[in-house]
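Consider the two complexes below, in which subunit A is the common component and subunit B and subunit C are the respective partners.
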Partner chain A sequence: MVSNFGFGALVITLVVSIYGIFAAVYGARKNSLAWVESARKAMLLTFPLISLVALSIIFLLVNGDYQVQYVYNVTSSTMPMYLKVTALWGGQAGSLIFWSWLLASFASAVTLRKWQRDREFLPWVIVVSLVTLVFFVGMSIFIENPFVRFWQTAGGSEAVAMFQPTGATPLVPFDGRGLNPLLRHPGMVIHPPMLYLGFVSFVIPFAFAIAALITGRTDDRWIRVTRRWALVAWLFLSLGLVLGSRWAYDVLGWGGYWAWDPVEIAAFMPWLSGTAFLHSVMIQEKRGLFKRWNMILIILTYSLVIFGTFLTRSGVLSSVHAFSQSAIGPLFFGYIGVTFAISLALLLQRWNALRSEGEMHSLLSREALFLLNNLLFMGILVVCFWGVLFPLISELFTGQKVTVGPPFYERSTGPLFAGLLLLMGVAPLSAWGHSTVKTLGKAMWKPFVVSLAIPILAYVLGVRHFAALLAFWLCAFVALITLYEYYRGVAARMRRSEENVFIALWNLASRNRRRYGGYIIHIGVVLMALGIIGIELFQTETQGTIPPGGQMALGDYTITFDKLDIFDTADGRNVARAVVSVERDGKYLGQLYPRRDYYYDSQQPMTIPGVRSTMEDDLYVLLVDWEPISSTGVTFKIYHNPLVNWLWFGGFVFIFGTLVASWPDKDPETVRVRSAKRKLSPSEVQSAD
Partner chain B sequence: MNSAKKKPLPFPLFALVIGLLLVGISFFSVQAQNPTPSDNEVNKVAKELYCPVCENISLDVCPTQACAQWRALIREKLAAGWSEEQIKDYFVAQYGDRVLSTPPTRGLNWLVYILPPLIFLGGVYLVYRVLRSMKNKNSDMVSPLPAEPDQTDPYFSQLEAELEQHRKHGE
Partner chain C sequence: MALTESSVKPAPRNRAKFFIGGLLIIAAIVYLIFTSTQASAQYFLTVDELNQKGVDVNGREIRVSGAVVGSTIQYDAQNLKLTFEVAHVPGDNADIEAQGGLAEVLHQAVIDPTRSRIKVEYNGVMPDLLRDEAQAIMTGRMNENGVFVAQELLLKCPTKYEEAVPAQAEGG
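After this line comes the complex of A and B, so read on.
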């Protein structure tokens, strides 16, 4: 019943969306406001429709209607209610619906904005949003239908179909298989929606970019309208990545936070191109340069968003066979290929109109440094893309499977990340338009000299690792320069208007939130880098088997194995939970409870670490193995992860900075007026920054 | 070792070669007298190898039964005095190149290492060209921008004042 209702709503969504596309194109071509308005109504209608679809699935999940295959695959009766609801994005079919739902809501929200200044964009924004929606909804209807059910055919065999085959009776399994245990974690409940919000928000700037290409209105309007959308997309994507890392650290039980897994990289790639885009659009806004490049970046980001959506859920890139067997793989690649080609064709058509207005004056100007930043981000992107794709290519041509693992990514992206850090220090000191070695050196030498103190201090304290010393110096350099920028601004304000420190800081930041929010983000990155340096370069580990009362040592820490309990829980787990006492230099610090959960329904074990976390370091204890009968020997693995907490703390700072930068202005048009002056008086190029 | 050849040695022959090598090594090696290698020694080798069945998980952290057996195998080999390299070669011979954390540098695999730097260099060249062409176009022109203003307090107060003015005018 509910399945049929949900499926019906899904089909109507598809029909309405297709109508909307045609109405919008027709309205734009004939210059008919009525048709465009009709297309807008269709766009607005998709949101309630797809909401009905999503609510139908949630209803089925909550009521445990196991005849529905999707419900059977992702829930079981023992699961708590919140996991049943969030199982909407626990599998591929549901995720596609969830994606469509978010897209419909965002696209609807956009169509409700004021369009007086850019009316001509509206039909094409609708077209791009709806084409994307049609792709996902079509995928849901024809390939990954979340409403298909189990049937017992007249012949006695099992069948999976949307509608009752003749002579068949409904087949209702007693219980579902349950959600993948890895996903039964609060982090996993919010991590996918954050990523998806990020993915979907990037569709909006892309839609405006395409609208600009089609209408030929190739000024900065599309960038100004969508700047906040891009920042919001970036905010959610960053949040999703940080949450995902934290989840991996807490749940996956291998002592790390990032494994360069294709799924992680899939979410990372649109973030890379998106970050390049956020920096690069500033060049266009301030100096009128690189319009074509910005178009390429947003087109690339859109393709990578679709690619990422596909990769995170399907797993079909794991082998050529999985790829060729699934219908979804070729369809996704086809869609990405076609949209990419069309977008590029549109771009080529407007190639000359997108000529740079201004000119580059200095190789050390801020725009030149931003260009280098883009180059480095693209370099990392190429490494990631190639690393993900290569195993497939290798298998295709040689039949031999290969692993492209973390050492490949770490070695090739390490220097690029270091270069980005360096730019982060230098670029804020260079001016738009014009900088020379002299002006840059004058601005930089003080923070540079002071920053050298940090690696020297680290050396005195016994750090001999060259890469670590260099990285510590870079962090210190960027942090100092960023704080120095704040200091200069605040000091100037204080002197001028006799404000106190806090008011001066507040006024400074609220005057140019993108700039000072951006600096907060930079500080966040530096803090995160500290955590990454700590765990990547200084992680130590040990493993051993000890009897009750036995001890193991790692560095200054000693753990004592107190006891092991094995018991069943009400939600279908068998839990083995060890109790260990932690001491450091003979001082008792507390107990940790590393455990191994075995899920009966999905027959999967999960290793949950016991972690003692401080800003200085984490002690991360894993229960690896035990002797079931005698309990005489229990194997523990201990990791010592220095500084890793700074990664999470830096993540918070990073997100806070993004919020500062993206918080809506009271009057967004002030920015436009301000920048319009740029053409009147050249000095504004610098002051408007 | 035999990594340049497409086909690995037949296993008995391979084992014999390894075995003879080991006899030689164990004469001189103190390590070979160690009866049971510690977990840390096993993990050190397992870290370098990837689980032949799971995707992208190194052998030292993989929680499956199969991987526990492979770790036991590494322990056996270490106890028998095998070196890390020998064990890695053994795993490659048994399960293919995918057990290595990065593709071995031969044949098509070179692409994985060469292509990204090439594309990156292409990017560097492109950026260089763009910067050069813009500078050249501009070299005989008088810069329409004023030189870098003095970044001291007067500049900042001027900047603030100007921004304030534009805000008022703009609204």
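After this line comes the complex of A and C, so read on.
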């Protein structure tokens, strides 16, 4: 009943969306406001329609209607309510609906804005949003239908179908199979929606970019309208990536947070092109350069978003994320290919109209350094792309499948990341238009000299790893310059308007939130870099089997195995939980509880580490094998991860900075006027001095 | 991609230096990718291919994929030494689909005694997903005894979550 209702709503969504596309194109062609308005209504209607579809699925999930295949696959009666609801995105069919729902809500929100100043964009924004929506809804209806049910046919066999085959009776399993235990984690409840929010939000800037190309309105209006969308998209994508790493660190039990898994890379690639885009649009706004490049970046980001959705859900690549497999691959590739080709064709048609308004003069000017930043981000993107596609390429040319692993990515992206860090330090001090080694050196030498103290201190403390010393210096340099920038801004305000420190800081940041929010993001990146240096270069590990009362040592730490408890829980798990005491240099620090959960329904064990976490380091203890408990004892694996907490802490700072930069202004128009004026003022460095 | 940057037109006398600067950076990136690929490329082989190549691959880092034969799993929990055998499965996705999907292919590989197999040795914690008819994707080297010594072990169990029709429903 509810299945039929939900499926009906899904079909109506498809019909309404297709109508909307035609109405919008016709309205734009004939210059008919009535048709465009009709298309807008169609766009708005898709939101309640898909909401009904999503609610139907949630209703089925919560009520445990196991006749529905999707419900059977992702829930079971022992799962808590919040997991049943969020199982909406626990499998592929539901994820696609969730994606469509997000897209419909964002696109509807966009069509509700005031359109006076850019009326001509509206029909094309609707077309792009609806074409994307039609693709996803069509896929849900024809290939990944979340409402198909089990039937017992007259012949006695089982069938899976949307509608009752003649003579068949409903087949209702007693219980579902339940969500994969690895996914039953609070982090997993919010990590996919965050990534999806990020993915879907990037559709909106893309829609405006295409609208600008079609209408020939190739000034930077499309960028100004969608600047906040791009930032919000980027915020969610970053949040999704950080949450995913944290989940891996907490649940997967291998002592790491990032494995250069193809699916991780698939989510990382749109982030890279999106980051490049966020930086280079500033140059278009301020100097009228990079117009074609920005178009290319947003088109690329859109394609990568679709590619990312596809990779995370298709299981084409061998990966820990491949929880689902399906035949939707060729369709996704087809869609990406067609939209990419059409977008490029539109871009070529406007190629001459997108000429730069100005010129670049100096290799050290702010805009040149932004260009370098873009090159480095694109470099990392190419590395990722090459790594993912290399098996296919090599098979094509040599007939032999050759793959590359994490060492490839670490080796080739390491110098590029280091280059980006260095740029983060240098670029804020360079002037727009013209900078020389002399002016830059004058602005930079003080923080440079002070920052040398950090690697020297590290050397004195016994760090001999050259890459680590270099990386520590880079972090110190960037942090100092960024704080110095804040200091100069605040000091200037305090002098000029006699504000106290806090008011000056507040006013400084709120007058130019993108800039100062951006600096907070840079500080966040530096802190995350500290954590990454710590775990990548200084991680140590050991493993061994010890009897109750026995001890194991790693570095300064000693753990004592106190006891092991084995018990069943109400939600269908068998838990083996060890208690270990941790000492450091003979001083007792507390107890840890590494454990292993065995899920009866899916027969899958899961290893949860016991972690003692401080800003200095993490002691990460895994319970490896608990069965031969009596005489032989228990096997533990211990990781010592120095500084890793700075990664998560930096993540918070990073997200906070993005919030500062993207928080809605009271009146966007006045901000625009101000930033337009800024273009005329001399370099920001000079004005701040 | 990055070459489109030349569309940002600097003054003619400047153009050369931007062009050279850009080229240098692109060359550096290409160099990084090229050398890193050479340093860390691994052959991805099926069990059949590995057996055919034999001595050729001794000492080279390779990746192998195969179906875990459950009855051969032996785990020495004290020394963290794990040994098992994997049976040949086709490496091509289209082949796998044609033979009824990954779950079916893995099942057939394990029950078919004529399939070629290799012995695998792994030092470390027994992974949670290692069980009969799981797909193992392993990175490591062949040793002189013809045993594949895996450094990394990745496992997939398609049967668990991708069954079309519920088995337990038959009674109800």
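Keep in mind that, in the parts below, the second predicted complex is superposed on the first by the 648 of 689 C-alpha atoms of A that agree within 3 Å, B and C clash if a C-alpha of one lies under 4 Å from a C-alpha of the other, contacts with A are read in each partner's own complex, and residues count from 1 in each chain.
Going forward, contacts are C-beta pairs under 8 Å (C-beta built on N, C-alpha and C of every residue); 3 or more make two chains touch, one makes a residue touch a chain.
Here the structure is a predicted model, which is why all the values come from computation and not from measurement.
Once chain A of one complex is fitted onto chain A of the other, the partner contacts of A:551 are absent, as it touches neither subunit B nor subunit C. Contact with subunit B, but none with subunit C, is seen for A:488 once the two complexes are overlaid on the shared chain. In the superposition on chain A, A:292 makes contact with subunit C only, not with subunit B. Legend: residue contacts after superposition of the two complexes on their common chain; A:569 is shown touching neither subunit B nor subunit C. Contacts of A:543 after superposition on the shared chain: both subunit B and subunit C are touched. Shared-chain residue A:511: touches subunit B; no touch with subunit C. Once the two complexes are laid over each other on the shared chain, residue contacts for A:349 go to neither subunit B nor subunit C.
Look at A:500: by the touch rule set out above, it reaches neither subunit B nor subunit C.
Judged by the touch definition given at the top, the superposed model places A:150 against subunit C, while subunit B stays out of reach. In the superposition on chain A, the residues of subunit A touched by subunit B in one structure and by subunit C in the other are 318, 356, 359-361, 363, 368, 371-372, 375, 378-379, 382-383, 386, 390, 394, 400-405, 407-408, 412, 543, 545, 605, 607, 625, 635, 637.
Within the complex formed with subunit B, the subunit A residues making contact are 253-255, 259-262, 318, 356, 359-361, 363, 368, 371-372, 375, 378-379, 382-383, 386-387, 390, 393-394, 397-398, 400-408, 412, 431, 433-436, 439, 443, 488-489, 491-493, 495-496, 511, 541-545, 605, 607, 625, 635, 637, 667, 669-670, 673-674, 677, 682-688. The part of subunit B that touches subunit A in the complex is made up of residues 38-40, 43, 50, 55-58, 61, 63, 68, 96-103, 107-109, 111-112, 115-117, 119-120, 123-124, 127, 130-131, 134-135, 137-138, 143-149, 151, 153, 156-160, 162-163, 166-167, 169-171. Residue ranges of subunit A in contact with subunit C, taken from their complex: 66, 69, 72-73, 150, 158, 160, 171-175, 177, 180, 289-290, 292-293, 296, 300, 316, 318, 320, 322-325, 327, 355-356, 359-361, 363, 368, 371-372, 374-376, 378-379, 382-383, 386, 390-391, 394, 400-405, 407-409, 411-412, 415-416, 543, 545, 602-607, 622, 624-625, 627-628, 632, 635, 637.
Contact residues on subunit C toward subunit A in their complex (touch as defined above): 1-2, 4-5, 7-11, 14, 17-18, 21-22, 25-26, 28-29, 32-33, 35-37, 39-45, 63, 65, 77-78, 80, 91, 93, 97, 101-102, 124-126, 128-129, 135, 137, 139, 152, 154, 156, 158, 160-166, 168-170, 172.
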